[in-house]
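Shown below is the structure under consideration.
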Amino acid sequence: MKRGTQVAAFALLLALLVVLPRFVSSYKLLTYTRFLILALMAQGWNFIGGYTGYAAFGNVAYFGIGAYTTGLLMIGKWHVPFFPALAAGALLSALVAILLGLPILRLKGHYFAIATLGVAEALSQVADTWDSVTDGSTGIDLPLKTEGEFFYYTALALVIGGLALTWAFSRSKLGNGCVAIREDQDAARMLGINTTFFKVIAYALSAVFAALAGGLTAYQNIHVTPGDFFRIDYTLQMIIATIIGGAGTVLGPVLGAAVYQLLSTYVWSKFLELHPTVLGLIIVLFIVFLPRGLMTVLARKRQRGERPFRMSDLLANVRAHRVT
Amino acid sequence: MSALPSPVRRIPGDSILEARGITKRFGGLAAVDGIDLTIRRGEILGVIGPNGAGKTTFVNCMTGLDKPTAGTIVFNGQDITKTPSYRIGRLGMARTFQVVKPLRQLTVRENVATGAMFGARGKGRSAAQARHEADEVLERVGLAEMRGRTATELTILDLKRLELAKALAMDPQLLFLDEVMAGLNQSEIEKAMELILSINRSGVTLFVIEHVMKAIMGISDRLVVLHYGRKIAEGNPKDIVESPAVIEAYLGERYAHRTQAAGDVNAPIEPGTSLKAPPAPAGDTLLEVKGLASGYGEVQILRDVSLEVKDREVVALIGANGAGKTTLLWTISQLLKPMGGSVRFAGRDITAARPEEVVGAGVVHVPQGRRLFAGLTVKENLMQGVYLRRDAERIEQDFERVFSLLPRLKERAGQLAGRLSGGEQQMCAIGRGLMSRPRLLLIDELSLGLAPLVVDSLLDLITEINREGTTVLLVEQDVQVALEHAHRGYVLETGRIVQTGSAAELLDDPRIRQAYLGL
Amino acid sequence: MGGAELGQIFVNALLLSGILALVALGFSLVWGIMNIVNLAHGAFIVLGAYITFFLHELLGVDPFLSIPIAMLALFTLGWGIQLGLINQVIRAPLLATFLLTFGLELLIVNLINYFFKADLRSVTTAYSGTGFTLGPVRVPYIRLGALAVSLVLVAGLAWYLKMTRVGRAIRATGMDLDAARLTGVKVATIYAATFAIGAGMAGAAGSLLSMIVPFDPTLGGTYTQRAFAICVLGGLGNVANVVIGAAIFAFVDVFVGARLPSLSRAVTFGILVLLLILRPQGIAGKTV
Amino acid sequence: MKRTALLALPALALVLGTFPALAEDTISFGAAVSLTGKTAKEGEYTRDGYNFAVETVNAQGGIVLGGKKYKIAVKYYDDESKSESTAQLIEKLINEDKVTFILGPYGSAPSGTAAPICEKYKIPMIEANGSAESIFSKGYKYTFAVLSPAKLYLKGLIDLVMSKDKSVRTVAVLGENEPFSKEVAGGAADYARERGLNVVYQELYPSGTQDVSALLTEIKGKNPDIVLGAGHLQDSLLIVKQAKDLGVSPKAMGFSVGPSSPEFRANLKSNADYIFGSTQWTEALKYNGGDPWKTPKGYAVAFRAKNPKYGDIPYQVAESSAAVIAFCRAIENAGTLDPAKVRDAIAALDIMTFYGQIKFDSRGINTFKPMAIEQLQPDGHKYTVFPSSVAEKDALYPMPAWDKRK
């Protein structure tokens, strides 16, 4: 496909997404907004988990920090408007990520994963008990905002911004350095890469995205409680979305978020009591047949100028990853 | 004689690196024990020593990957003892890793560009400029054609080149090369030597760790010998190899004898004069490979390979790196499924057999790199060798046999295999193979990464095993060593058998001498 | 805190250590040998609890006697799952198997919920809650029995891995898959056995928990998380490490729970993270 | 083209799923209740309560509005016991399924999430299972609760014990850290102090706690006369079990949630004896209302006839039915389906039902109906023991020590 056609396709899709609110019910719009917010989180996770190869399991902590910072600034005595409050949440998250990242990014593999998980759990409980600030487990209520389009367009803008940033990242020295760290940390260090610095930057980036998603969700949901906004499900969802789409690719997280969100919404409304079973089954099949995600298959094929996708690729995937 | 360019003797300059009292302890064990070393600007410093002598650990300390327990390092007049490794890289030091560390999912070009981005001159370069720079380096090391491949698709030979290319792209003043020639055949070694010399001529100081004596003798200005973490000799290469201490610790009597007899390090031993293998017995055909094709995924490596091994023979399989020797062994063991052709063993077709059936039939594979179970004890590793056997009463007897063949293993029986030295590990791997009561033993790269002294004793062991009745198919990159200890040989090139004959014939064959022995 | 309470808390922690060791045992084995972080582990535990519950409720089988049955049932299920599913993706990147087990967990928990409903259940026998006193300290029989069962199973697994042919093959396969095949090991089967043993241990843990905690289909998640933490604290690669990890976790959890209940998890995880930073390879783990 | 296809995937969603319009003569309600996850059981009670009332009302002809009879239909979704899902599902119910009114979810946390969404769209919600006052302190105008507020749950138990025994001095309160239980625990401790008792222990533990032995050991050291637990069924089961393990034997032990549920005895067997539980409703109560069932007994008989799997009827079922009744009456009073008018009618409601008085204070919560106290007794039954005006049996007090029982 020529570059021009590509650009045209992008423009068309963008136009479609921009006019979308005119044509769908406000609940559908909500579903799309959810997808965009999940995409945003997945884009963030992609920096640390996809490009840098650090399986962060506590990104929901930044989602929560973003939500609470945004919320508390908006309802406290300052009555800060939404966007500055959102920015403050993102900033605070980045700061926390940097401070936490310095020690815990020295850990590797599962150890890093459990450390981040532990941090998220601990923060959740702090929010749960810090009555004077967060009103504890009771939670806080943000001002009412009824226009669904507002959330949709904000999320859309952030996701597009995220795409641009990811694209630039993947071509920058920063991105290259992060990938080197993912592939071999010792080698990366010997190549002159300040691994600590790079990892912390990637981690902070992921925190910023999670915080933006958190702040936006808080404003949309109005009622913010530690139980809801520090729930490990959010972390799992962003990881699933990224893996399904393809970790360490520009489009993967967005694509994965679309597939996951739409599938689970569909399953949810169709199977009242068995929807987790169906969703579980879908995830299992996805992993068995596409263990490296959609984008990685598509991208590799594209490089070689082959047809994008054949059913036989699924079986080949199984053959390549099984043990007998 | 060798067509090697005679090394240009450089005038030693001031010191580029001064290491004083470098000690590195892991737990209670000193891997490097108080080494003083000066590297002079512009020289090629060769470093030899047995496995476990602390060579790699020393390089780790110099490049900041390990922080020395004691000692100071001064690079270009600057104390870098506590400097983090990435900054050391930017100051102008680069290294390769003995166990290659490619950025696996990246293309060759991206790998090298990463070095160009963050190395000594990385600051001023954009990502795009770095990629351009990478192309030039790839041209220089002969990897240009591979630039679009991901590192996972490269052969070990190309991965070694990639190591070098990444390091070069960092524009270093001082370059540490850790066994970049391991596994190369003679002609490849010569090319590598030329490349190293040309790098040196372009102004890069080199610190070269190498087991390939011919190469190290050919390029080094000075030679350092490490043993048990200490420096036991330093000086002119010629003097060093004659030093009794070095011979005892590292080279071994036979090597010394060889070189003295020939009067020249580079001279091979006359073919046929020191053959260790007894005359070939005229046994029945034990292994018969016909028209075998094999490979990984979509990449075909072997095309139409046919060979046979007779009962009680030692057969050497030689060939360049990447020719498909290891692939052939893996396919015989059925760890790789053949794409075509057949493998028969003792009259039985094992082409479609499962790996455990192949082992059960008596074909036992001692893989490249030993592949011991590092967390099991030596005894447990040997026990794992009897996994398929049901004759409990004879297992004890086999332990006796293995321990009498390899007394070192008896001493170390309770130790974790991961803690053994390289030579002991190879012994353990062979011992594990023997415990399976093989009729045919497939041995992949017996000498890889081992000191000459150790290799000699292992070869004696193979001869001994064969004398006791075990048939051996030996894959070995050191063609001379292999043929000296075999009855017959096959030559594999780019996935095809191109030549076969008795060991003596092959050693005499001018083509072999030129291609693999560099004569 | 008085001496009596201190003593009681100490005994509580000790008794809890045993159960937690069993909870983490199978998880650690599967993780250590196959590098699979099995998120469905908690679901296996819950299944074990249901088996014991129904055997007790419907057939009057003593819960301790139902342990072997629960183990066998879970062993079989684990065997099937590994052979049919996980073996198909085991060479894929780590997160793939991770998500696979996540999907399995969703599926199993939901199916339990669907068939057995979300009712809270617990196994209550004539001896539930009875015990003896050591000075001011109470020792409940069931928890003591659970500790004993745990110790037997932990020691049994250690013995099995160390002394038997298959046990050795399991460890060897965990260290080098291809080398193990070269010694004649059928890896798919060994993996199935490993996962099955892990699931069986989870089943036993579930049996014990059914007597101790009221459970419903969602109980498992907490225990998966604990098993994860215990493995990290103790380090992988050794059955003894699991016991050490479990003891550390239990003591921290119980003591913090007594002093600062509302922040117990924050403090426990805070300590966990701190320990990790200071000793990245686990408290008992070694770098080999 | 490949990439276009790829990018078009999200757009696929545009065409996914539409809902059929509802028939003309139905009033559509929506409810997101927990059918899976942590509170799946209680969610089921809630749904069964809603359904039973809806079926009864429909069987009697439905709601009469301007001479026309309307049937009621309820659209359910499963919120998976996660309150953030509740918000999403309420949005879906209002926007996509176009329901006219909302019946509340199970639990205070999801109700707290649902309230602002209803406020956003100005759709009235009557909820039956979220009694935390925090929901009603935000000034929302469209959320109402038929049940008594959380802080009253354990008040009756303290009154009961003090009427039995003048010598009680000390009380220990432990509660789960979540909006409802926090208020229950706080309310109980405050009331105990008000009555001159000494609160020797007051702690919250995190949700999902699987082991309370540490807290009970502390409590044992304080040797309180009364132990009060504020949590959910899981917690009360755990506390009783571990209290026996550790030999914690106060004179009275009671819980906000748990004992009234049939599962309490099913799990604890005879260990459940002597335990008190607070309840919003029991079939022993003596109300006489103007609803289809009139009395608690009448309700119970009719409900069991429809739902034979139930023995004791959990109060969650009754209060859920009550919410439906309240809605029906308010709609009829309003004489229109206009949400704002119905909302005003709900606010003005004051009716007597099988469930007791339903009347909302200015915040929207029913502070007019008293709580009752039940006790599980050794004969295997559960009796309403307080208030004494409706007591079926006298409370057994004090609770014998664990090791003194047969």
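Letters are used for the chains, namely A, B, C and D, taken in the order the chains are written, and counting of residues starts over at 1 for each.
Everything that follows uses one rule, which is that a contact is a pair of C-beta atoms (placed from the backbone, for glycine too) under 8 Å apart; a residue touches a chain by one contact, two chains touch by 3 or more.
Since this is a predicted model, take the numbers as computed values, not measurements.
Engineer: Need the most distant chain from subunit B, centre defined as the mean of C-alpha atoms.
Structural biologist: D
Engineer: Distance from the CA centroid of subunit B to that of subunit D, rounded to the nearest Å?
Structural biologist: Centre-to-centre distance between subunit B and subunit D: 73 Å.
Engineer: Could you grab the centroid distance between subunit A and subunit D? Build each centroid from C-alpha atoms only and quote it in angstrom.
Structural biologist: 36
Engineer: Could you state the distance in Å from the CA-based centre of subunit A to that of subunit C?
Structural biologist: The separation of the two C-alpha centroids amounts to 31 Å.
Engineer: I'd like to verify one number: the distance from the centre of subunit A to the centre of subunit B, where each centre is the average of its C-alpha atoms, in whole angstrom.
Structural biologist: Averaging C-alpha atoms per chain gives centres 45 Å apart.
Engineer: List, in ascending order, every residue of subunit D touching at least 2 other chains.
Structural biologist: Each of 36, 177, 204, 206 in subunit D touches at least two other chains.
Engineer: Two or more other chains in contact with one residue: find those residues in subunit A.
Structural biologist: As it turns out, subunit A has residues touching two or more other chains at 125, 128-129, 273, 275-276, 320.
Engineer: Scan subunit C for residues touching two or more other chains and write them down.
Structural biologist: Residues 110, 113, 262, 265 of subunit C touch two or more partner chains.
Engineer: When you check every pair of chains, which ones turn out to touch?
Structural biologist: Contacting pairs: A-B, A-C, A-D, B-C, C-D.
Engineer: Which residues, counting only subunit C, touch subunit B once they are in their complex?
Structural biologist: Where subunit C meets subunit B, its residues are 165, 168-169, 171-172, 175-176, 178-186, 237, 288.
Engineer: Give every residue of subunit C touching subunit D within the complex, in rising order.
Structural biologist: By the definition above, subunit C touches subunit D via 1-2, 4-5, 8-9, 12, 16, 110, 113, 117-122, 124, 128-129, 131, 133, 138, 140, 142-143, 212-214, 216-219, 222-223, 253-255, 257-258, 261-262, 264-265.
Engineer: Of all residues in subunit B, which touch subunit C in the complex?
Structural biologist: Result: residues 333, 335, 354-356, 359-360, 364-365, 367, 371-376, 380-381, 383-385, 387-388, 416, 418-419, 432, 436 of subunit B touch subunit C.
Engineer: Show which residues of subunit A lie in contact with subunit C when the two form their complex.
Structural biologist: Contact set of subunit A toward subunit C: 49, 55, 103-104, 106-111, 114-115, 117-119, 121-126, 128-129, 236, 239-240, 243, 247, 273-277, 279-284, 286-288, 291-292, 318, 320-324.
Engineer: Please output the residues of subunit B touching subunit A within their complex, sorted ascending.
Structural biologist: 63-65, 84-87, 89-90, 94-95, 97, 101-106, 110, 113-115, 117-120, 122, 126-127, 130, 166, 170, 297
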